[in-house]
Each structure stands twice: as C-alpha cells, then as structure tokens.
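Take a look at the structures listed below.
Shared between the two complexes below is chain A, which pairs with chain B and chain C, respectively.
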Partner chain A sequence: MQIYVCVKHVPDTAANIKIVGENGFDDAGCKFIANPYDEYAVEQAVQLVEKNGGEVIVVTVGKAAAAATIRAAMAMGAHRGILVTVESQFLDSRTTAQALKAAIEQDGKPDIIFTGKGAVDSEGFQTMYRLAQAMGLPVVNEINRLALGDGKATVGHEIGGGAREVLEVSLPCVLGTTKGLNEPRYPKFPDIMKAKKKEIKTLAIADLGVSVDGARSELVKLEKVPERTGAKMLGGDVRQAVEALVKILKEEEKVI
Partner chain B sequence: MEQYTIVKSFVMLMALVGAFSFFFMRVRRLYRLMMAVEGTTAFKLDQVSTRIGVLFKDVLGQANVRRKKLPGLAHTLIFFGFLAVQPHSLELMIKGVCPAFEVGHWIPGLYGGYLFAADILASFVLVGFAYAIYRRTLLRPPYLTLGTDANLIILFTCLIIITFQTINAFQTLLPLEPGAYDYRGIFPVSGLLVPLFGLNSLSPQQVFAGYEMAYWVHMATILGFLVYIPGSKHLHLLAAAPNVFLKPLAREKAIARTDIENEELETFGLGKVSELNWKNVLNLYACTECGRCEEQCPAANTDKPLSPKKVIHDLKVDLLDQADAILGGRFDQVKPIVRDDAPVTGDVLWSCTTCRACEDICPVNIEHLDFIIEARKHQVLMEASFPPEVQETFTNLENQANPWGFGADSRADWCKGMDVPLMGDHPEADLLWFVGCAGSFDDRGKKISRAMARVLQRAGVNFAILGPEEACNGDMARRAGNEYLAQMLIRQNVEILNGYQPKRILTGCPHCFNIIKNEYPQFGAAYPVVSHAELLFDLHKQGRLKPNGTSLGALTFHDSCYLSRWNGIVQPPRDLLRSMNNGQLTEMQRIREKGFCCGAGGGRMFMEETLGRRINMDRAEEVMRSGAATVAAACPFCATMLSDGLMDKESTIAVKDIAEIVDAATA
Partner chain C sequence: MATIGILIETEDGIVKDTNFGVLTAARGQGDGTIIALMMDGPADSAKDVLGKYGAHRVVQVSIDGADRGASPDLKARALAAAIEKYSLDALLGLASAQGRDIFARLAAFMDLPLASDCMAVDLAAKTVKKSHFSGKTFATIKMSGSVMLCAMRPNAIDAVEAPADATVETFPASVQDPGLVKVVEVNKEAADKVDLTEAGVIVTGGRPIASADNYNILSECARLLGGTIGASRAAVDAGFAPHAMQVGQTGKTVSPRLYIGCGLSGSVQHFAGMKTSKVIVAINTDKDAPIFEKCDYGIVGDLFEVVPVLTEVLKEKL
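Take a look at the complex of A and B:
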C-alpha cells in the first residue's frame, strides 16, 4: 500500500507565543511539535503498512524547520518524507491543500491519504476537505475506527450524544484521524537514529507550480488572549453576597 | 590393619582428587562465565589499601553482617568456627592419604594453640546454627528464603562440626605412637565428650572404629559440601569476599552513562543476561538470599511483585541456565530477560522507586539498581515498553523540559514580584539556585520555592536562578530508563551551566541535587553542589538565620532517599529542624539511611501505583504513629506523597518542607 500522511509542524500548545509585529510570532523561541492529531494518522498508516506491506510517506507543508516533525514521524515508522517549503506558518487551507495535492501526485499513487482532524495552531479544520475535493476523492474526518476491506474502508466517527456513525468509503480516500483511533507509539531509540538517515525530499512550493498568491484568506492580526484572572469569593450572607455581586457587575465590570 | 590403612589411603586419595577436581572444574566454569559476558563496566581497581581494610572490617570483622544483630552474631559465630576447623580438616585429609603426616609434629606449640582455639570456635558454630534453626523453623521471617538449599547447607555444616569434635574426642583416646604428636588435653570442648559419653571405657578396637567412623562421615560431608557449593546459594562462600573487596567505596553513585551516540552498538541497556558485565555476575554469585534487601524494599513491603532478592536470584538462575550459549559465544541464542515465561517482568522492573534501601542494607554490597535501571533502559530504548501513563511525561519533558508540560518559558513565573535575579542578569552570583521542575511549576513546590527565596533574601545570600534557561535535571527520565531523553536534558543544562561557570549550585530538590552532583560530571559539568538542607543549616550556624522562638509542637522528619541513602545527608536537616523548633524533634521508626521511601522516586511520581498497597499510605501511617503534629520533608515529591497519604488517612498532620519551616521560624 502507498499511504500518504499529511503532517503539520505546529507550536506546542503549552508554549507561550511571542507576537512579533501585526501577524507574526517569534518561532525561534517557541517549541514546535508534530500536530498531535496527525500522530494518530501516522500511527494508523504505519500499522497498516506493517500488516499489509507498502510504504508510508509523510508530506508536510511548512518552514524549513518542519523537517524535525517529518523526522519524528519517521521515528514512528514512516519511510520517506516530502517537505514543501513555504515562508509562513499560516498558509490558507486552500493553498496548503493544493501544495499537498501537487506533492502527492508528483510522488506516486495514493491508496489512502491520512491527515489529522485539524491542526492545533490555526484550527481551520478544512485542509482534508479541500485536499479531497481537489483530488476528487471521498473524505471522512474525525475517524476513530478503521477497518480495511477490498477496495474500501469502513470507518467510524462520533457524532455527539454518544452515537457513532459507521461509513463505508471507497479507496483511495482522504481520512482525518482523531483520538481513540489508536495509541501513537513512543519511538524506539534505534528507530529515532534510523529516522535521521531516511530520505526527505525538499521542494519549494513554487517548484510544484502552486502560488501562495492565490490565497483566499489572509492572517491579518495575531492577538494575545487576555489572561483569565482568578475567581473572587464574596463573603457574608446571601444578601450581602448578592449586593456585592451587583455592585461589581455595575461598577467594576460595567455589564449591567 | 595394614591393609585397611592402604585401602583408606587409596580411597581418600581418589575422593580428594575427585572432589577437588570437580570443585575446581565447576568454579572454573563459573569464572569463565563471569568473564564471557559481553557487558562492560567502568570499574577500575583503586585504593587497594582501603579495600584491604574493608576486607578486614566487613569480611573478617563481619561488621556489615552484624548490622542485623542476632542473625549477624550467629553468622559471625558460624563464619569463624567454620574457618577455624578448615586447617585441621585439611590436615586430616592429607593424613588419610599419608598417615605419617602431622603438622603438630613440626610446630607443636603453635599447632596446639590453634587446635585449642579451633575446638572452641567450632562449638560456637553449633550455637550459631541453633539460632539459625530457631529462626528458620519458628520465627520464619517472610523475607527469608526457606528452602532445601539452606537446610542442606545447615545439615552439612553441622555434621562437619559434630564429626570434627568427635574425631578430636577419639583422637585423645588413640594409643600414642612413639614420637607422634600428643593430642591429650588440647581439646577443651571435644575433651568433654569423653567423660560425657563414657568413651574412655571403650576398648581400643571400639575407639579405633569410632574414630574411623567419625573420620569418614567428616570427610564425606566436607567433600560433599565442596562439590555442592558452586551450584548452590552457598557460592556466596567464594564470591562474597571478592565482591566486598570490589565494592563501591563511596556512598554516592552515578547511573552508568550509556553511549547512545555510538552507532556501532546494536542494543542498549540490559536486555539479556549475556549483556551483564563481570562485576554484575560477581554480584549475582555473591548473593546468599538473606533477604535483608526485601525486608527494606518499599515495593516488597507494599505487596508489589518486586523483591530485590528475587531479582538477583532470578537473574542468577537465568544466567546459569543460559551458560552454555554464553560460554560458546552464541549470544544471539540467549533469551531476553523479560519474556513470557520468565520471572523478571515489566511489573517487577517498574515497581522500583530506586530508593536504594536494598543496596544500602546488603551485607555483601550487591548493587541491585545496576540491574533494574539498566533493564529499564532496555525496555524503554529498545522495546518502547513502559507504563503507558509515562509516555505523556516523556513527551512533556521532551517538548517543555518539565514533566507536566507547562510552557518552558514560564519557569520563573513562581517568583514574579519577588525580586529574584536571573543568572543571565547576574552571572557573578555566589550561588546558582537550580530550582527544579517541582519548585518551578507544581503548586505545592512553588510555595516551597517562595519560602526558600524569602529565606535566602533574609540571610543576605547573593543568589540567582536560571529561569527559562533551566531544563528538567533528567533524573526522572534517566531512572525511568529513558537515557536518550535524559541525556538530551542533561546536555541542555550542562551547556547552560558551563556558560556561567557557577561558583556553587544550590538545589531545593534532592533529585536535582543528586544528579547534578554525581552524574553531571559524566557530561562535563562538575561544580560544587549544596542541598538546601545543608545550606540552611550552615546559614543558621553562621547566625544569618535566627529562630524567633515559635514552635510547631511535635515535629518529625521524613528522610528523602536521594539525600540520605544516595548522599548520606541525614544530620544537617535534623540539627536545623531542632534549632528551628525549640530543640524538639520526634523520630519515626524507619529513619536516616534506613528511612522508608515516599514512593515517588525512580520516576514513580509519574506512574500509577496500581499494584499492592500504596507506599505513601504506609509511610503516612508511620508519620501518624510518631505522634507528630507536623512532618518535615526536604523534597517536593516527598511532600506531595506524604500530603496525599495523610489526606487519604484524613489526618490533620501538616506537611512542610524544611524551607517553609525555616521561613516561618525566622520571619
């Protein structure tokens, strides 16, 4: 099987982002990781290939430093990597999908394309749909069950209220993975070392004939979310507490 | 008569040659096995004169064995008595082959003195064994292996001693050949057997028969014992002394640095017995299953599957079982230690808190942790096999350099508004305070750090912290077997430390203390390190921290393993606490080097405790039995474990770090 896994190189959600200028941030001072949802995708692809044979290729669109994330996926068992380099961390989903499509089609014929259900940095949750649309493939996002049949995949995804949809999709297809599908493995040390020697094909987005100028959405501004302040306990009996609360809402918060 | 002597000479000669050759062949095989294993050790034989001193004190003097009083005393009696009979037994062996051989003939005075002493010491063996039998049949301590092996050894040895004294008794009654050595009157204990059993009324033929019978039984048991030793736990007779001689002389120790950058290596850590090093093997040979380690072990004490004694025994059995493959150099055929049908399981390895109680108590200086930690390294690096909850901790350490995954750049947030300088702004500080993850991120730990910062400021100490430049010290990852991650963190810190070249490093956490002091030198950062327990006591002694006379009432102190057992720091925190609490300090039962672990060490802080009872509950109960109103700790992890344990017990006993106590007592 030829399985492509789209993995994004994202800032760790625990990292504090230092905003630079209007819409930039200091990425040198920030820890980047493989997008956690994409780890389910890598794990699933590796398990499928371990069972059925084939090749797992990681495709990443990102800055040059994103190679580290490809290495991390390779330590988990991916065989090769393709890095499409861009200048910005925040590319619109449409351009990302076009770049992924071009990179995959240039490389080979996919049996399955995995992505995570979304990236934890921009949280657009669109790339897998746009990629599937561009390639004319069926797509299911947020899958947490997967069984492979002859030319088709049976997938499950939660639809809320404790219910799970079970869908049949013809191959090739695009599947967005989420928690519950598997437990992403912790790489063995020799696999980390081997990953350092695996091949990463690096090409600029322009080399794929994709222009970043075609973006239909643009990141205009980055703002820090105001820190949540602590709760305040209002003392006294109910009457005093209510009076104090009303006073705060009126005078301090000015909401009533 | 003459015919009998000829037959006896011949039979004895055959028996001696047979038994000794068998013995030497088996011992040679064990020695070759010890040298055939693949593992390497950094051990170098140094300080030989000190080591000879150790032999006198711990082997000849039996000091280490007698740390456990009655069994130790019994062992001492057996040891000396058994040693004492050997020269005479050897003489009797030779005499059996050539009847004219008699040492007493050449050095009568000296030999007489020896026989006199040996005869008394031999009877002490029986006293020792009387206690051993009482202990094995009536006391039956749970940590002691009660088995045929031990019973056979007791039987053999008792028979050797009884026949030794019977031979002596009959010896005095044998007709005195002209010019032969006169044994009469030199056996103070055996001599008593003559009137006691009326031996002097026996005919010369009966005396001769009695002597010969005792002789043959003596020889059969002593040679049988010789043949039995190398295959039994009594191999300890041969291996204990060299193992003690080669013991680590310092209490402080470092986990071996695994050369993870060596691309030639195909495997890391201890995966199978063929990967042991010769010193490990000597450790295995030296164990006699006395069970003192198990008696101290916090895991064994709370019904977990780990017993340090069993680990050593099981590895020894595994090694001997696979000796043929190892001796034949067929290492690829050696089976892994952790396998389906083997006793050393993942649960065994992951139950260890690395408290080192086993190593500390071992009378023959076995280093149990060398096996457990190396095996963990193999499990993590080669098998990616570890308690699943640890994966998140590893990932957090990797991404944010702290086990909880808080943003690394918020490391100094705990001291906001406290005017605590950063090394970056204040590189000339006298003291670099390595705050550690618990002290920087954990709510409980942050309170302790703030108390410590106030105390340092009050005492006018010129200090600075690393802030976001600091990474986790690597202790958790290293003791949880993740040598790759540990070295990543260690190298990160080493680079920062070497950039500042600090005059001295202060730690508030014993895990930081131990690894920076004892293991960072492996990575090129060797600086003086002081624990907050020592520093606070020093500041107090210098008059820079004056107690205000407040009292916490009954106060007790919980020793942190990484201060007490790993580094021998037991007195300064006690002296400090007494000074801060109007001279009052109550002690628990298990204290100082024999203190009981809180359960958090060895990365266990970040693992679920699902097997057996909880270690911190056991310790909390002990705190409650002490009658203390406050328990002091000198480690943020101990404080958390004790708080949790006491809370579960619905106890109102307060848990305080020594820094918090000093802060309140000097405010």
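Take a look at the complex of A and C:
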C-alpha cells in the first residue's frame, strides 16, 4: 500500500505562546512537536504497511524547521518525507490543502491519505475535507475505528453524546484520525538514528504551482485569552462553604 | 441588509437549546433576515420556539427521493442548494460533532471560507473570533468569499429572546449523492442524554474519583443542575471513565455556563478544553492546588464529602 500521512509541525501544547506584533508569535523561542492527532495517523499508516507491505510517506507544509517533525514521524516508522516550504507562520487551510494535493500527486498514487482530526495550533478542522474535495476522494474525519477489506474502508466515529456511526468508503480515501484509534508508539533510540538517514524531499510551495494568494481566511489578530486571577475561596465548614457557593451561583452569577 | 441562514440542530425532533445562542449571535448583526434551516426535525413544531429567538423564516429542507441519513455529502449538498436559493450572506450553526462535519463538507464543496468553533462573529467586518493554540489565545480571522460559514462553539453566546413571527416554508433541494461515503449504522445505545460539548453545566471528576462507580456521586449533582459529567485524562487513562467523557486538549472542548471541577489539579491541557466556561468552581483537598489560581470559586475539601453536601443543598434550594 502507498499511504500518505499529512503531519503538521505545531507548537507544543504546553509551550507558552509569546505574541509578537498584531498577528505573529515567537516561533524561534518555542518548542515544536508533530501535531498530536497526526500521530494516530502515522501510527495507523505504519501498522497497515507492517501488515500489508508498502510505503508510508509523510507530507508536511511548513517552515524549514518543520523537517524535525518529519524526522519524528520517520522515527515512528514512516519511510520517506516531503516538506513543502512556506515563509509564513500561518497558512489558510485552502492553500494548505492545495499544496498537500500537489505534493502527493506529484509523488505517487495514494491508497489512503491520513490526517489528524485537527491541528492544535490553528484549530481549523477542515484541511482534510478540502484535500478530499480537491482530489475527488471520499473523506471521513475523527475516526477511531478502521477495518480494511475488498477495496473498502469501514470506519467508526462518535457523533455526540456517545452515539456512534459506522461509515463505509471505497479506497482511495482521506481519513482524519483521533484518539482511540491506536496507541502511537514511542520511538526507540535506534529508530531515531535510522530516521536520520531517511530521505526528505524538500520543495517550495511555488514550485508546486500553488499560490498563497488564493487564501480565503487570514489571521489578523492574536491575543491572549484573559486568565482568571485566582479564586474566591469559600471557607467555613463544608455545609457553610457549599451554602455560600449555591447562593453566589444563584443570585450573583445567575448560572443555576 | 444581510440574509443569514442558521442550520438548526435537533435531538429526537426537538430543537436543541444550544441553537438559541446561535440565533442570538445572528441577530446581533444589524437588522437582516434570519432564515432557520431545518434538515432533520419538523419545521412546524419548531416554528414557535425559533421565532421566540428571532428567526423570521423557518425552512424545511427536504431532499427529493433520497434517504438523507445515508450520506453526509448529500446533506452538505442540500445545504449548498439552500445557500444559493436564499442568497445567504452567511450560514451559522453549531460546532457539534455533526455540525463540524457538515460545515467542513459544505465549505470544501462550495470552496468557501469556514471558521469552526467560533466564539463570536462580526458579519459586517467579515471577521470571527476563535480559539487558537489549544485555547491559549484568541485569533481574529478575516474571511473573504461570497458567503461566510461559521460553526459556533456551543454556549459561547448567551441566548436572549427577541420574539418574531416566524413563517414556515419548504425547500425541496434537488441534489444528488456523489456516492462517496455511506452511513451503514448509527448506534445511539451508548448515548447520554446531554452531549458534553453542549451541556450548560458540567461536573467533572479527576483522578481521585478512584472508580467508575464513584461518578454516580457527581451524576446526581449534575442531574439536579440539568447538566452532565466529565472526566480528566488521568481519570480516563486509569479506566474510571470512557474517552467520550474526557475534557481537554485531547478530549472535548466545552464552554458551559457552570463548570465544577472535583479533584482536578488544574493542568494546562485540561484547561485548554474548558477555560472559556463562564463560571469555574474547584473542589480540591490541597489549598495550594494550581486550579485555585485559575478558577472563580474554590472550596478546600474532599470531593467525597463536599459533593454529597452540594447535592443536598441543591435539592433544598433549587
């Protein structure tokens, strides 16, 4: 199988984000990781190829530093990588999808394209749909079950309140993965060393004929979410504290 | 004057309360026309309640000769047809599990800009405000394109009534399923009454809850408040709760009006999923627990003592 996995290079979710100017952030001073949801995608692709044979190719659109994320995916077992370089910190999902499509089509014929369910930086939740539409492929997002057979994928996902839906798509297809699908492996030291020797093809987004001018959404402002400054502590014995709380929630906050 | 469509979500044929905040957001955009689009439940019985929150027209969108439950793409195409038919300037809806999916399909199909999980919209400026960097920052996104698509975070905007006389009409969309995705089964057995992402009140138990059964203590309290229960990742990983109950960066993002955290340390990853809650209360045995720095009201105490008393007091006072 030829499996492509779209992996985004994102700031560590525990990292402190220092906003620079109106709409930028200090990316040099910030630790980056592979988007956590994309790790389920890499793991799934690697498991499928371990079972059926084939090749796992990681595709990343990002700054040159994003090569580190491709290496991390390679340490998990991906065979090759493609890095499409861009200059900007933020790229809209329409342009990203076009770049991913062009990079994949130029490289080979996918049986499956995996993505994560969403990027934890821009929280877009849409790139996989745009990629699938552009390539004329079926798409299902947020999958946590997958079975392959007869040229078809049967996938499961949650649709709210714990209800579940089972869907069927024919291959090739685009699948967005989420927690529950598998347990992403921790690469061992020899795997990390091996990954250093694997091939990363690097090309600029313009080389793929994709223009960043087609963006339909633009990040114009970033601001810190206001933090709470500390709780009002309710003292006394348990009964007193609870009565005080209920009174506040009812009369002052009016939330119950 | 703008024409704004609202995709209404129903549960067992009944309009979900979370739609009212979306209608309120649409009303805040000057005096445009608000068209409520109903794909699932019956428009007739929804007319009054949608009118109460300002809908001018309620449209039953039907799909000729097709089983609309069979394909998410078919629904998206019917919505696309409705956008064209009513010349909508924007379509708003809920960023629920189903809402996120259908909005993204629609955006891809029509090649329109979409912001998912919005906290606020400004149609005149063509901007939305949404979470970025796992809830650490807000981003203002400017959209260009003929129609703005915005899936709103449930409960992000308070519902305010503004009665209008809504009319009902039907729109039979003649669209075809591209035949790419087939729904083969929907299993509602495991479904709770209130979906976590849409609950108005959430009572969460962290690692110290110590067993699945102990969540019953929280359930009773949550039920009295008309809400539901949540879990931290530590509790999920320990096997005390299913992943569907997890709040946080790798779980659900929620924004209830009241969030009561019992036995939570206050981790960044947990807060990524609930920090936009209106009021946050923490119950923790450790007076120096970091959560007390990040919440509105705190009680130092053992959750196994405090929650039953809270349930008792609520029974008396509600």
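Here, the second predicted complex is superposed on the first by the 233 of 256 C-alpha atoms of A that agree within 3 Å, B and C clash if a C-alpha of one lies under 4 Å from a C-alpha of the other, contacts with A are read in each partner's own complex, and residues count from 1 in each chain.
As a convention for this text, contacts are C-beta pairs under 8 Å (C-beta built on N, C-alpha and C of every residue); 3 or more make two chains touch, one makes a residue touch a chain.
Note that the structure is a prediction, hence the values are computed from the model and not measured.
Novice: So, on chain A, is it clash or fit between chain B and chain C?
Specialist: Once both complexes are aligned on chain A, chain B and chain C fit side by side.
Novice: With the two complexes superposed on chain A, say which partner A:14 touches: chain B (first), chain C (second), both, or neither.
Specialist: both
Novice: State whether A:222 touches chain B only (first), chain C only (second), both chains, or neither.
Specialist: second
Novice: Between chain B (first) and chain C (second), which does A:196 come into contact with in this model arrangement: first, second, both, or neither?
Specialist: neither
Novice: Would you please give the vertex angle at the Cα centre of chain A, with arms pointing to the Cα centres of chain B and chain C, as a multiple of 10°?
Specialist: Placing chain A at the corner, the angle measures out to 110 degrees.
Novice: Between chain B (first) and chain C (second), which does A:31 come into contact with in this model arrangement: first, second, both, or neither?
Specialist: Only chain B; A:31 stays clear of chain C.
Novice: Counting residues of chain A touched by each partner, does chain B or chain C come out ahead?
Specialist: Chain A has more residues touched by C than by the other partner.
Novice: Examine A:109 and indicate which partner it touches, taking first as chain B and second as chain C; both and neither are also allowed.
Specialist: Neither: A:109 stays clear of chain B and chain C.
Novice: Quick check on the superposed pair: does A:187 touch chain B, chain C, both, or neither? Answer first, second, both or neither.
Specialist: The answer is first: A:187 touches chain B but not chain C.
Novice: How far apart, in Å, are the nearest Cα atoms of chain B and chain C after the overlay?
Specialist: Least C-alpha distance after superposition: 6 Å.
Novice: Considering each complex separately, which residues of chain A are in contact with chain B in the first and with chain C in the second?
Specialist: Overlap of chain B and chain C footprints on chain A: residues 14.
Novice: Hey, which residues of chain B end up touching chain A in the complex?
Specialist: 260, 263, 266, 268, 380-384, 386, 388, 391, 394, 396, 399-400, 405-410, 484
Novice: Which stretch or stretches of chain A touch chain C in the complex?
Specialist: Chain A residues touching chain C: 11, 13-14, 17, 19, 23, 25, 36, 92, 94, 120-126, 128-130, 132-134, 137-142, 154, 157-170, 179-180, 216-225, 227-228, 230-234, 238-239, 241-243, 245-246, 248-250, 253, 255-256.
Novice: In their shared complex, at which residues does chain A touch chain B?
Specialist: Residues of chain A touching chain B: 12, 14-16, 29, 31, 33, 183, 185-190, 192-193.
Novice: Across the complex, what residues on chain C touch chain A?
Specialist: Touch list, chain C to chain A: 72, 95-98, 100-101, 104-105, 107-109, 111-117, 127, 130-145, 180-188, 190-198, 201, 225, 242-244, 249-251, 257-258, 268-269, 272, 275-276, 278-282, 287, 292-301, 305-306, 309-310, 313-314, 317-318.
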